[in-house]
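To keep things simple, chains are lettered A, B, C and D as they appear, and every chain counts its residues starting from 1.
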Amino acid sequence: MQALVNKIYLDHKDSISEGDKASYIPALANIPDNLGLAVRDHSSIYTAGDTTFRFTFQSLSKIILLLVALEDNSTDYIFNHVGMESSGDSFNSISKLDFTNIIKPYNPFINAGAILIASLIKGSNYTEKLKKIMVLCEKIFERNDIGFNDEIYLSERNSAYRNRALAYLLKEKDILEGDVEEILDLYFKCCSIEVNCVDLANLGYFLSFNKNSIIKDNHLRIVKALMLTCGMYDYSGEFAVKIGLPSKSGVSGGIVTCVPQRMGIGVFSPRLDSKGNSILGIRCIEELNVALDLNIFR
Amino acid sequence: MQALVNKIYLDHKDSISEGDKASYIPALANIPDNLGLAVRDHSSIYTAGDTTFRFTFQSLSKIILLLVALEDNSTDYIFNHVGMESSGDSFNSISKLDFTNIIKPYNPFINAGAILIASLIKGSNYTEKLKKIMVLCEKIFERNDIGFNDEIYLSERNSAYRNRALAYLLKEKDILEGDVEEILDLYFKCCSIEVNCVDLANLGYFLSFNKNSIIKDNHLRIVKALMLTCGMYDYSGEFAVKIGLPSKSGVSGGIVTCVPQRMGIGVFSPRLDSKGNSILGIRCIEELNVALDLNIFR
Amino acid sequence: MQALVNKIYLDHKDSISEGDKASYIPALANIPDNLGLAVRDHSSIYTAGDTTFRFTFQSLSKIILLLVALEDNSTDYIFNHVGMESSGDSFNSISKLDFTNIIKPYNPFINAGAILIASLIKGSNYTEKLKKIMVLCEKIFERNDIGFNDEIYLSERNSAYRNRALAYLLKEKDILEGDVEEILDLYFKCCSIEVNCVDLANLGYFLSFNKNSIIKDNHLRIVKALMLTCGMYDYSGEFAVKIGLPSKSGVSGGIVTCVPQRMGIGVFSPRLDSKGNSILGIRCIEELNVALDLNIFR
Amino acid sequence: MQALVNKIYLDHKDSISEGDKASYIPALANIPDNLGLAVRDHSSIYTAGDTTFRFTFQSLSKIILLLVALEDNSTDYIFNHVGMESSGDSFNSISKLDFTNIIKPYNPFINAGAILIASLIKGSNYTEKLKKIMVLCEKIFERNDIGFNDEIYLSERNSAYRNRALAYLLKEKDILEGDVEEILDLYFKCCSIEVNCVDLANLGYFLSFNKNSIIKDNHLRIVKALMLTCGMYDYSGEFAVKIGLPSKSGVSGGIVTCVPQRMGIGVFSPRLDSKGNSILGIRCIEELNVALDLNIFR
């Protein structure tokens, strides 16, 4: 396995400057070109490339938010607030929410859905809610030094006009309870958690096996099903057809992939394709998939 | 297994008059209340209820159309014409096709996509194309008496204004080649193929194992991934979360489900929920899933 | 003329409880059933019914906001920020703003457009801008006691989630400059100006003749053209066909109508039709129009 | 007046190659660069440029279709089938028709509306209906040699996939009665009527005065109101603000303008702006408007 991981890294490392980086906040555009790959299975963790470089969690944090919210509420309560369907639109789309027959965000992985999910995390105050999220990250990443990128956090908080618009529209539909700015703050804070690709492999492994049973099995199934159907933005369907593995990508260039009952994969490379997914991230997972025949639809 | 199939049938048979039947053509509204269940695995086929009642294929035919088109063309060619993404809209939606940046139907299982897929089946004439479809049905259903419901075929052909609108819009976008009426005719003809729930179990089993390798493995994977992401209309995401099995439903009340490498399931009961899926069909699959833990996201 | 105004009042006063009142804030739902009618021409002002009852300006204030903004900026600058087209959607619609090819609100009379127009009013601070609006109201209404309904102002400010969503979306599109909350505050404050139906007749008369030339003629033409094409919400086209007079309605039940070069009409009655226009307001204007043949398309 | 018309012609004749010609059918792209201007008032008709060149009626025929349909049916019946509102979308948009709450085309001047209007013209057969349209054209144009451009007629009939899609969607909504192909044929035939800019001035004059009272006054008012609110495609609102005159343009480069009670204007020049209106057509009307102060909102 280590040899395969090395080979995949070498096959792609020279393409690290292909594509564009996310540019909606300057801090994201400044991430250096890079590639890191980590695979964790029962026996060990196999890595290649820059596995220590820390990038921000961004949309990958939606997995953690959903897990915490699922543990805090009944499944029915969660899905009375957020749907389970792919939206057919981009992750930050607002237009469908404007139709009166659409009463909730399509799913927990579009921004509107994740903001609503953040509001369902229970706690007597902001700090307590954030602490819950950090504790789960510590357990999954197996480290105690969870940190935040303050520059990116502040940058997003000050410029996230679209997310504010989404939150106020949810407020108007009467499905978002609590203070809009506090909920958004929690959401931005989670997006700014710093992770490396080994953390992502650990996350994928955790979702595949539920190490230590810290989350209910059924909640992990829900998350994996949603990752397969809506984890890769507007490319989710094509990714399901071509790779067939529950995965979630973030705009900073990370992708986490689960191979149910077998392994977790984490890849990081900041340049994105037109759908917002890491170009080399997808290529590395594709190569691994071809080599090991991991597709769940076989 | 036979005991389980019997139990499931008995658990639900008294609810056969719950819900509404499809009413867009009168012939569909006249189907008698009914329930049939069939499960096929390596060893045998297990049935309960009315397994001989023949209903029309309807949207389930989209699986066959896609299989034939995939065998006739390169994968790239197919997906240059039809997308692989869930649309977030209903199966016969036209509005997204009107946006100039949407150049192809979202996926092969919405009507616009299936009509386009029908146009990609190769043959020197209509009869030859239809023959190909019938031959594949014969192999999968393991019988040689494939028949059509002429009443439903004619009824759909004469009233399918929306499908005509979709086809002409595809024509205007210059992605539909050939004569609109002939393509629609082939589509309606396939929708009118008569099947029973044993046929559906055979279809599910075929997709799960590729019995006799008559279709390329990769094509079956594509079909199963699309069934999981878009096979159950606007309920596909929720079905993936709750059941986690590639499935496809039709408006006449049939559902086919694959358990990759394990079994095929066919259910028929004509009353539908608000999303257009057979109410008892979903309940039977749910109960089987709970009993046997079939979810691919475990 | 006074006899006609009396007759119209008597014809409709018994229908004051037909229809529903605006309910999005409680204070609006509590307005008593009522009817007031005022017509001003060169010679005099003719009134009938309750002409002293004060109701809030609401959408009618969009006329004043636009007049002030037009005087403060070049016409080109204004219409680089807001369009001149009817939207085909409801006044508080958000969905079109989400399309990337739509770079500005459709017109100054939908909420998104009016909020943007409010941001274009010049002044070194909030008080100065509000003062400008009040001064113009004083001149048009010919009174110096312009007041505000604080209950309605506070109620709107605290519940206007949709308007906040619109404003943040404009901010994200980079066409709204300045502080969102301050701009919204100015907008809500103007909506809460208290007027009676004589004020509206004066406003209509002012737009028809430009009394004292305090506003550039061309700006009045612009306002009248926009009133005709988009002044009556989703009913604007039908009103243009049936009545053919530049008019603007507000959700509190007021309607102002101009008969170019002839007269101004103000009507107030709080119950609204399904499009949000005062039921008796429209009927009174209709009767006046039939009696005097005022339609500009004759 | 003749001097003014000459001056306007000379001011613009050197710009006849600015912009692009309609290209959706080849025959339209081949119209030679050209400019013709005609103004008719009570006293006389004033012309300049090429006033004999015949171009096809295209969307201008929607005026005639609406006049004939209004004379054949009650106003209520007409507007139960077609709305009176500007759509906010382009003239051939299909997406809004797909929403279940939209039960009729927005107005008679978008394609869907005009096709429906064509279906409301009464006659025992196609020839009788077409004859009615031709007779009205003869009276308005004051000539008996109404002819058709067969090349353009056939070209549109064979390529009008979007119009077919619109018609079938109307059929599905159950508001279009009769045979789709026959209705479309009538529509295309009217679009192919050949006119010159003097015909358009006569049409404008007819709408302004109702010469010989061959059409009910109220029907002319309806047509003029709709021309003002939706006659110039997506530019209608801006044209109302800037020019303030009921006008209708066609994709072949003609514009007809009414000055109520004063005159009719016809302009032809085939190159179009991005909204589909004749560039020089608009400029000539603008100059005439400035010179004579014709705006109905003064």
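Methods note: a residue touches a chain if its C-beta (ideal position, glycine included) is under 8 Å from a C-beta of that chain, and two chains touch if they have at least 3 such contacts.
What you are looking at is a predicted structure, and each value in this text was computed from that prediction instead of being measured.
Contacts with subunit A and subunit C are shared by no chain at all.
Greatest centre-to-centre distance from subunit B is found for C, with centres as Cα means.
We define each chain's centre as the mean of its Cα atoms; on that basis subunit B and subunit D are separated by 47 Å. Note: centroid distance subunit A to subunit B, computed from Cα atoms, is 32 Å.
Centre-to-centre separation of subunit B and subunit C, using mean CA positions: 54 Å.
In subunit B, the positions touching at least two other chains are 96.
You'll find the chains touch as A-B, A-C, B-D, C-D. Residues 93-99, 161-162, 164-166, 168-169, 171-172 of subunit A touch subunit C in their complex. Here subunit A touches subunit B in the complex through residues 79, 83-89, 96, 106-107, 217, 220-222, 224-226, 228-230, 234-238, 240-241, 244, 246, 260-261, 295-298, going by the rule given at the top.
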